[in-house]
Every structure is written in structure tokens, then in C-alpha cells.
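Across the two complexes that follow, chain A remains constant while its partner is chain B and subsequently chain C.
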Partner chain A sequence: MAITSIKNLKEFSTNNDRFEGAHTLCPGCAHSMIVRELMNCTDDNLVISANTGCLEVSTAVYPYTSWDTSWIHIGFENAATAVTASQVMHQVRKRKGTLKDNDAPVKFVAFGGDGSTFDIGFQWLSGAMERGHDFTYICLDNENYANTGGQRSSATPIGATTSTAQAGTHSYGKKEKKKDIVSIMAAHGAPYVAQLAPNKWKSMAKGFQKALETEGPCFINTVSACCTEWRFDPKDTIHITDLATDTLMFPVYEILDGHELNILYRPKNVMPVEEYLSAQGRYKHLFKPENKHVIELIQSDIDKYWNMLQRREEARV
Partner chain B sequence: MAVKFDLNEREVWDGNYAASQALRQADVDVVVAYPITPSTPIVENYGSYVANGYIDGEFVMVESEHAAMSGCIGASASGGRVSTATSSQGFALMAEVLYQASGMRLPIVLNVVNRALASPLNVRGDHADMYLGRDSGWLQAGAFNAQEAYDLALCAFKIAEDPAVRLPMMIHQDGFITSHTAQNVYPLTDEAAINFVGKIQPIDDMLDFSRPVTYGAQTEEDWHFEHKAKQHKAIMDSKPVIDAVFAEFKELTGREYNRVESYDMEDADVVIMGLGTTVETARVAAKNMREKGIKAGVVAMRCFRPFPYEEVREALKNCKAIAVTDRSSPGGAMGAFFNEVTAAMYTSNNRPMMTNFIYGLGGRDFSIAEAERIYSEQVDNIEAGHITTNIQQFSGLRGPKLGFFKTERS
Partner chain C sequence: MSVEAQELDLLANDNRGKHQLEAGFDLLGWDEVTQGSVLASFEGDASDISLKKSEERAYSNFNSYTATVASWRVIKPVYNRDICIDCQNCWVWCPDTSIISRDKQMLGIDYDHCKGCGVCVEVCPTNPKSLLMFGEHTDLGESLADWPEKKKKEKK
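Take a look at the complex of A and B:
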């Protein structure tokens, strides 16, 4: 039974369990919260695909599976292609009347980590968005290749240390800024694009429902705090995510039809980014005096981006 | 319902058009494709059949060949009939996902119009792409002309989708020589074709939600080996199904196919073994040699995977000297086809002399005169009682002769 009117978190989180508890994700990993929210959002049948990554390797290790629905993983890059081709086959078979249950509604969802979404699967994602299939792509953005020991991706923020962009005596970590995937997806003209966070579970659930109900290609970037590679205590996942949304490191917003922007969470008290950075081991080195300028740069980028989002929202263009 | 497509009893089709008509007649549900010379017209034609209502299916043009095969996997796991086409660089880009299609046991039919692999860039036919797929876990069969490209594409669906097989299958034809040369083709009627191919029976259907399936699970050292062994066994065990489908096709059309095709082999001493259009050249040369009193024959591989070791051994059991031709750059070894045939013959009672000819790379013409020269060299070897040349030679190459590796026998 899916939640149609969302009342409380407990009821919501225990509903409609098509994602089984048995998986090998790290304790404290936000991936499973996000996946469960998605699967609890709808009663419709689901075809789910996943790129190679933490979610995939932790939920379908033969002879076990965590997925009590149709699920496919091919490679690191092609979940969007797999699920959209399934959707095309669904159209044909529905037309021909060869489905087991020809009238049952089906939703098609692809999951990818930030590595597969921002980097190696970018072309496959862009192609699927351009073709306009009726599907939803959800990026579980933990800002690094966490499955393989924490290498940098183009989603890794400037200043974070990773195994392939290390902070050291001559380096403050990653030198490049994070790729703005949300804007890129909006620029595809997708009818629904959003950035959502699991601590704001109501807006996340509503965003997921909106994406599933919207005809056409929808994209959602979700912040998925990674205790292993961000280096914080597993019990603090939601606390860290609160800091992410309250410092506006991860603004929560949606873009309709490629242009109409709505901010979905406006912190009452915006916190300085140091609060977020200092809570994670991956940013520890930024608090050395010689790296102070990086924190200032991050804060300034956050301020500029938030300002831009607000102006776009006001402008209603 | 699809619009009726008028067909004559005899059509003039090139190999690409012939293959695309097979896709139409097999009522392929979804084609996911990316264009590449020389295979492009196969998928273009399918697209035009969809656009004009000649087939009730969907044509999805994606952004790369990797995505094309990825889409074929997603569509095939969703229970319908799926096919596509590619060549050369596109095939190479697909390579990762070819293994995943076969590992998931999805009966996708891939029409491969063989073309050389760069570098240097070349659009003409050789078998480099076909060889690249030889360990990918797909069934592979070769057409030597347009009629066969049509016939084998129809047979491929029936073989691949057979519940005892459930493996993807490639049908190969030579770039340009077959794909772009118009020839007489005798098609089946639409009714006869679909009756022969039959309807696909979905197995582990992602769109059957009463029985959820997980595709593409992970296995490490505990189970991976068993999965791959089972897959290999399924490929090896597909032989009787292939034979049965070919037999049924002969019943329907009178056209006979065998996993190994033998020509003038009843009493042959010297043999050329070939793949693709080379076979027809070799057959003409063999006839010319016979006029000169040389007992020459040709053995052609219809089915490259599973490799028909027993049938090859049987076909060559009385031969004395065998030239195995490889149309692919061997990259520091004997040709792959030579290695397979030699493996078969090493365990035969008759241990003939085996030589390897690398020829025709990048579309270089393989002439009747060159085939005759190869036969004559085999005769010389028989007379000398041992291989008189390098075991591997390059045939039809400019400049000085190139060859490697000599026999120890004398």
C-alpha cells in the first residue's frame, strides 16, 4: 500500500517493502533510505535498473537478491538505456496484448551513483533523456567512487580528499568544482528535474511521486551521505545530511520543463559551510591555515548559487 | 496489424536488404541500433518498415553501439523479440555488452556485416570484428551470399529462442561483397516465414510482475565459474538444435544448410578452408584445379560458434594437405580459424599437413588465381611429404613474401 497522503515517517518507511532489508550496504549508508522511499511512493509495478556501483553490488549477490520487483543491472554506464528499452518493449507488448497483465500500470526507474551518472554513464543518460522515454533516473550522489575505495568523480566537490585526488603537503585535495548535473539535465528539456535529500523525506517522497507521475524523462539527484568515504560516524547520516541542506551545500529544489524553478527547502537559519565540512574527515585538511582560502571559495560558491536559485525562482522564467 | 508487404517469388536484394526483410518477417518487436557502414541499411530498413506500418514494432536509434546492445539487453529481458545490426568499430564498442547479453542468456539476433578494425581506418570487409566476438558466448554463423543472409537470419531467431538454447546469435555476412551486392533472393511468404520462426516464448520476463526476476547479479569465485561453465555447455549443446532448425528449413524451402559445408570433398587431397565470400572463390578455383587433374575441395564454416570439431574432422578425414584461410590480422599468432581446425585435426587418425594463409585484410581482393596458387602449393607439400613453406603465409600482400614458423617434419 503506497502512501498517498503522507502522515508520519514510521508508517511511510514500513510500507510496501519491495526492497528487502537483506543487503550488504554499509551501516549508515543513505542509499537504502532513498531506494526505499522511491519504492514506497507507488503501488505500480516497477522495473528497476542499476548501474554498477554500491547499490548494485550490495543488493544482488547471487544467489540472493534484495529486489522483490523486476531488476536489471548490465554495466557501469547503461542503466538508463536498459530501463528505457524495457519501457519501449512494454509499449510494443501492451499494443500487441502479449503482456502477462496487459492493464497493470508500470513505472520504469534507473538508479546510478554519481560516478556512473556524472562520468562514465553520462552519454547513456543524456541519450535516454534526449529520446524522451517515460522513465525516472535517480542519481545516488555520494560524491565519489565509494564502491571501489573512494576515488574522485566529477561530482566530488573542490577541496575533498579522495584516493585519486589526495590532500597532502602540496595539495588541498580535489582542485576542480563539482559538475552541475541538475542544470545539465534541465537543459535537456526534461519535464521534471530535482535535487532532493533524504532528511527532507516529505519533499523527497513528493518529488519522487511527481517524477513517476510525469510523462517523459525525469531526473533526480539525491544527496546520499557516505559515512565510509566522507568519514563520519554511521549514526550521523541524517545529521550530516541536515548540515548539507542547512548550509545549502545541497540546496533542495526542482526545475519544471527545463526552466521553472522552485526551491523546496529554505533553511530558517542558514549555517556556515564550516559546520558541514568540519563534521567530515574528508575535509579535515581544509582547516589548516594554508587551506583557509578553499573554505572561503566553497562558501562563496554556495552563496552565489543560492542567490542564483532564488532569483530564478522569483523570476518565474 | 501490419500493412501487407508485397513480395515477388524472386527478388533482387543485397545482403543488407535481405537481412532486414528477415527482421520484418520475424515480426521483431524492438530494434535498438546505431548506424555504421556497411551494416546501416539493415536497421534503416527496419525503421522504414515501422514508419510505413509494415511492422508493428519500435525502432530506437540510440547514441552509440554500446547503448544499442545495452538497449537490446533491456528489451530482450522484457520478453519480446529483439534484433540489431553492426560492423567493425561499432562491434568493438559493443564488446563489453556482448558478454553481458550472452551471460544473461538473452536470445538477441545480431546481424554483423563484417568489416576491418582500425587502425588504419578501413570500411571494407574482413573478419576482424567476427573474430573479436568469438569468445563472447554468442552463437556465430556465416552467410556467403544475400540469400543465405536472409535464410540464416530467419533461422537465427528460431535457434536462439529455443528454450534448450536461449543464447544470442550473430549472423555474419561480408561487408560490401555480400551486403551491397544485389543478387537473386527467393524469400518465403510472410505467413510461411512467421510460421517457421514462431512466436517468442518469454522466459524470465521482466514484465511479468507475478514472478519478479533479478538480471545481472554478481557472482565471485564461489559461483562465477559454474555460471560460465553452464553457458559454455549450452553453446556446445546447441548443435542438435541448429541441425534440427536447418533440417526444418530445408523441408520448407529445399535450401540445405550444414554447420560445416563441404564441396567436392568426396576424394579431395588438397583443401582450402574458408569463411564468408571466400568460399565461392575457392569453389571456382577447386573446379579449375580438378580440370588439371588435381583433387581439390573446399570446406566452409557455416557455424563458427559452437565450433564443429567433429564435423570438421569428418569432412577432412581423407585429405592430405589443408590450407586454412584467416581474414583477420592474427596479432602475433597463427590465425584463430587455423588454430581451431588444427586442434580438430591433431586428434584425428589422419594427421594432414596444415598451413595458414592470412589474406584479404581491409577488403583486399582474394582472386581465383591466388586460390589456385594455394592449391598448387598444397600439391607441392604432398609431393615433398612435408610442408615446404612457412606454416603461416600472407597471401596477396604487396612487397616481399611474408611468412612465419616452419615444420619440424622432413
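Take a look at the complex of A and C:
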């Protein structure tokens, strides 16, 4: 497999982009930062599918495509289904020798938003992981149904205001906690599962390359800061993502073969979660005195989860 | 560095930013397509496309590379080569594939695809920054003349 050099950014930048401009994602959208990184990690041919969501509607505005690879869009549920079916077809045609170039390496990748991954495409994703296809599923986790106006998903954290879980006089926003998708995917026994963040470009590129090289189903949850629904200035996408990883709201780690856990980023100074929350409009109401308990709860959940990750890493089980 | 030298080094592509994104061409309307549709990103064989730089590729009219979103911008990033250290932070984090880098060097901004988000300015580590936001209609000479001096670190 032709992985590209990620030794340093200078070398990485010699790659030829295969994700083109004049797509219609919002200015500052992290979805495209993540997609570009994936596509620059390898020179191999790629077959990519995308669930309905911001990425899909913004990169295939008829009659345009922003993809320099094979790319398929079908329903909201089916990025995993479409790409694993393509992978099986490729396998069969390779065996029969009916491909134009039988030796050309091809990688199969599915992109889904959190709405499609955590909720609506969950069953299909689980099926594809269980069937054990050789593919990589990447979730662009912006913690809401952004494309349809910011509804809550099971990836939305407790306390965030969304269009269907609004903060107001009687509510502090979403009441339920975020679903732990990484653990669920690891529990499928997948050979490679990770949570990665675009501000840590190198660990992200390494994780992507590992997933592409690993035979079998791999799952990666990526933090995708959404300036529109999280309500921050588009120029701050990387700054907000820094706060996400430095407060440990989004720990960066991988799980191999369903059990072996490695922490990939350990902040030198762990920041209090207020720093992350106060930088975004969707959490503004939490700073009212009556909502202080929600911030305390978020912080204590973060501390517990980080503790759990560290102990699991140490235990090597 | 003079304005001309900086402008000249930018890669020119004949088929970049040819049309407004909105402008369709002679095709079936979206409501006339019955079986889904296939758009070819390139003319001819594209099997080695990952090895080709954009100026070496035969983009088809379906490729959004040939379109422009320049009209989205109200402010634009301006690049000052004299300070740049070619770290490529701006390249890796630009969400619109609008930082043109070749052979480990930052060359400039693709104003047909840049939406003016300002991410590149925020992640630029030099002092003063090598990228700064200016009004869309400010010309390059004016922007470079207005460049701030190196900021001294505040003593604690």
C-alpha cells in the first residue's frame, strides 16, 4: 500500500489533494479538514461513500463533484452498506481477473455524520462491522444534525442547546449524555478503533494510515467542530478543537482488537471544561447560576472517563 | 519582496474558477434525472491522479475545481512571503484546499476557492503573521504596506 510520508508537515504537504475547492461547506468547516487529511494519507485509489449530511450535500451539488476519486452517495443509513458492497464486488472481480488493473491497490472508506453513525445508520454500520469487511468507517462528529438545522443526536452532549432540545426558562438544553460510540465499536471486536482530532494532525494521519493498512473493519470517530451550530467564529475552528482535546472533552485514543487501549494525546496542562464550554454559543446558558450543576456534572464525567482510559491503558488488557 | 514578484509566483491554471457555482450548463435538470447520475471528475484516464499536481490534471467541467466560490468572501487572507517559514500549518488546516504549496513551499492563496474563513491566519505561527485578513477589495500593495511590525513579548 502506498502510504504517504507524514514525518512532518512539509513532507505531508507535497501530496496532491484529491478533495477540491468550491464545495459548499460553511467557511471554517472541519469536515473538509478531516476529509483532506484522509485523502492525503495515501496514494492508493479510493472508493468513498458518504451518508446524507453536510459533507454529502455540499460536495456533490449537481452538476459538480468535489471528489477526485470514486465516490458514491446513497441514503442516510447506508454509507457502510454501499462501501462494503463495493468492496465485495471488487474482491470478486479481482478473483475473476475482470478488473482493468487487477493489481492496483484500492481502499474503501465510508464517511458519516454523527446523526447517521450514532442514530440512523447505526444498525447498518453494526452489520458491516460484524460481517468483517475490509473497510474504514469515519464518523464526522459535530454532535448534531447540522445539515437539517442543528437537531440533537445521540452524540450531542448533555447541556448543549439544539433546535430540538432548546435551552430556555425551563430547560438547560439536552438532558441526556452522549452515546459512547467508540466503546460500542470496539465491542464489535474491530481490529482498529480510534477517536482522533484534526488539530492533532499527525496522530490523525497516523490513525488513518493504520486503519487503511489494517485488514478488516476499522472505525474512527473524529471531532468535527461546526462553527454554525456550535456558534463560534469560523476562524477559530482549530482553536476550539484545541480546547476540546486539552480539556479532555474529546480524548484522543485508539483501541486495538477490541481491548488494547493506547492514549494518543496527553495534554501537558489539562484545562477546566469551562474554557471549552464558554468559547461556544451552544453552551452559553450553562453559565447562569441555576445551571452550574450541569457544568460540574460534565467535568466530573470527563474526569471519570479520563481516569478509566488511563487505567485501561496501564492494564494492557 | 515586490508585489509583482509575489503575484508572479502564484500558479496559474487555465481551468480554475471558470464558472460561478450556480451556473449550470446544458444538462438534464435535477428533476429530469431518473436513475441517479454519474459525473466524471476528469477527462480520460484518471488512474494515476494521486500522482499528478492540479496543474497537470485534465479536470472535467463537472469537477468543482473548475468553479468558483470567491463571491462568498467579504474579507480575504493576504500572504506575505518575507516572513513565511513554510511550516505548512495553513496548508494542512485550510478547509477549502486553497493554500497552494509545491515542493514544501507555500506559494500563495487560490482566491477562486478561498472563502475567507481566516483559519490560515489563526494557525500561522510567525511573528508578525505571514497571513493576515484584509477587506476583499484592498489591493496587495496596500496590504503589504500596512503589515504590522514584530510584536514584542510582554514582560510579566
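Just so it is clear, the second predicted complex is superposed on the first by the 306 of 317 C-alpha atoms of A that agree within 3 Å, B and C clash if a C-alpha of one lies under 4 Å from a C-alpha of the other, contacts with A are read in each partner's own complex, and residues count from 1 in each chain.
Keep this in mind: a contact is a pair of C-beta atoms (placed from the backbone, for glycine too) under 8 Å apart; a residue touches a chain by one contact, two chains touch by 3 or more.
Everything numeric here is computed off the predicted structure, so don't read it as measured data.
Enquirer: Once the structures are superposed on A, label A:63 by its partner contacts, choosing first (chain B), second (chain C), both or neither.
Expert: Touch partners of A:63: chain B and chain C.
Enquirer: Based on the superposed arrangement, let me know which partner A:49 touches: chain B (first), chain C (second), both, or neither?
Expert: Only chain B is touched by A:49; chain C is not.
Enquirer: May I ask you to decide whether A:259 touches chain B, chain C, both, or neither, giving the answer as first, second, both or neither?
Expert: Neither chain B nor chain C is touched by A:259.
Enquirer: With the two structures laid over each other on chain A, which partner does A:127 touch: chain B (first), chain C (second), both, or neither?
Expert: Touch status of A:127: first partner only.
Enquirer: On the A-aligned overlay, A:292 touches which partner chain: chain B = first, chain C = second, or both, or neither?
Expert: In the superposed model, A:292 contacts neither chain B nor chain C.
Enquirer: Scan A:104 for contacts with chain B and chain C and give back first, second, both or neither.
Expert: both
Enquirer: Same chain A residues contacting chain B and chain C, which ones?
Expert: Shared contact residues on chain A: 45, 60-63, 65, 67-69, 100-101, 104.
Enquirer: Which residues of chain A touch chain B in the complex?
Expert: Touch list, chain A to chain B: 45, 47, 49, 56-57, 60-63, 65, 67-75, 77-78, 81-86, 88-93, 95-96, 98-101, 104, 106, 123-124, 126-127, 130-131.
Enquirer: Taking the touch rule as given, give the residues of chain C at its contact with chain A in the complex, in rising order.
Expert: Chain C reaches chain A through residues 17, 21, 24-25, 27, 30, 33, 37, 39, 41-42, 46-47, 49-54, 57, 61-69, 72, 86-89, 91-98, 101-104, 110, 112-119, 121-123.
Enquirer: Spell out the part of chain A that touches chain C in their complex, as residue ranges.
Expert: Against chain C, chain A makes touches at 9-25, 27-33, 36-37, 42-45, 59-69, 100-101, 104, 198, 201, 233-239.
Enquirer: What residues on chain B touch chain A, complex-wise?
Expert: Answer in residue numbers: 29-30, 32, 56-58, 60, 62-64, 66-67, 70-75, 77-80, 82, 96-97, 100, 202, 205-210, 212-220, 223, 227.
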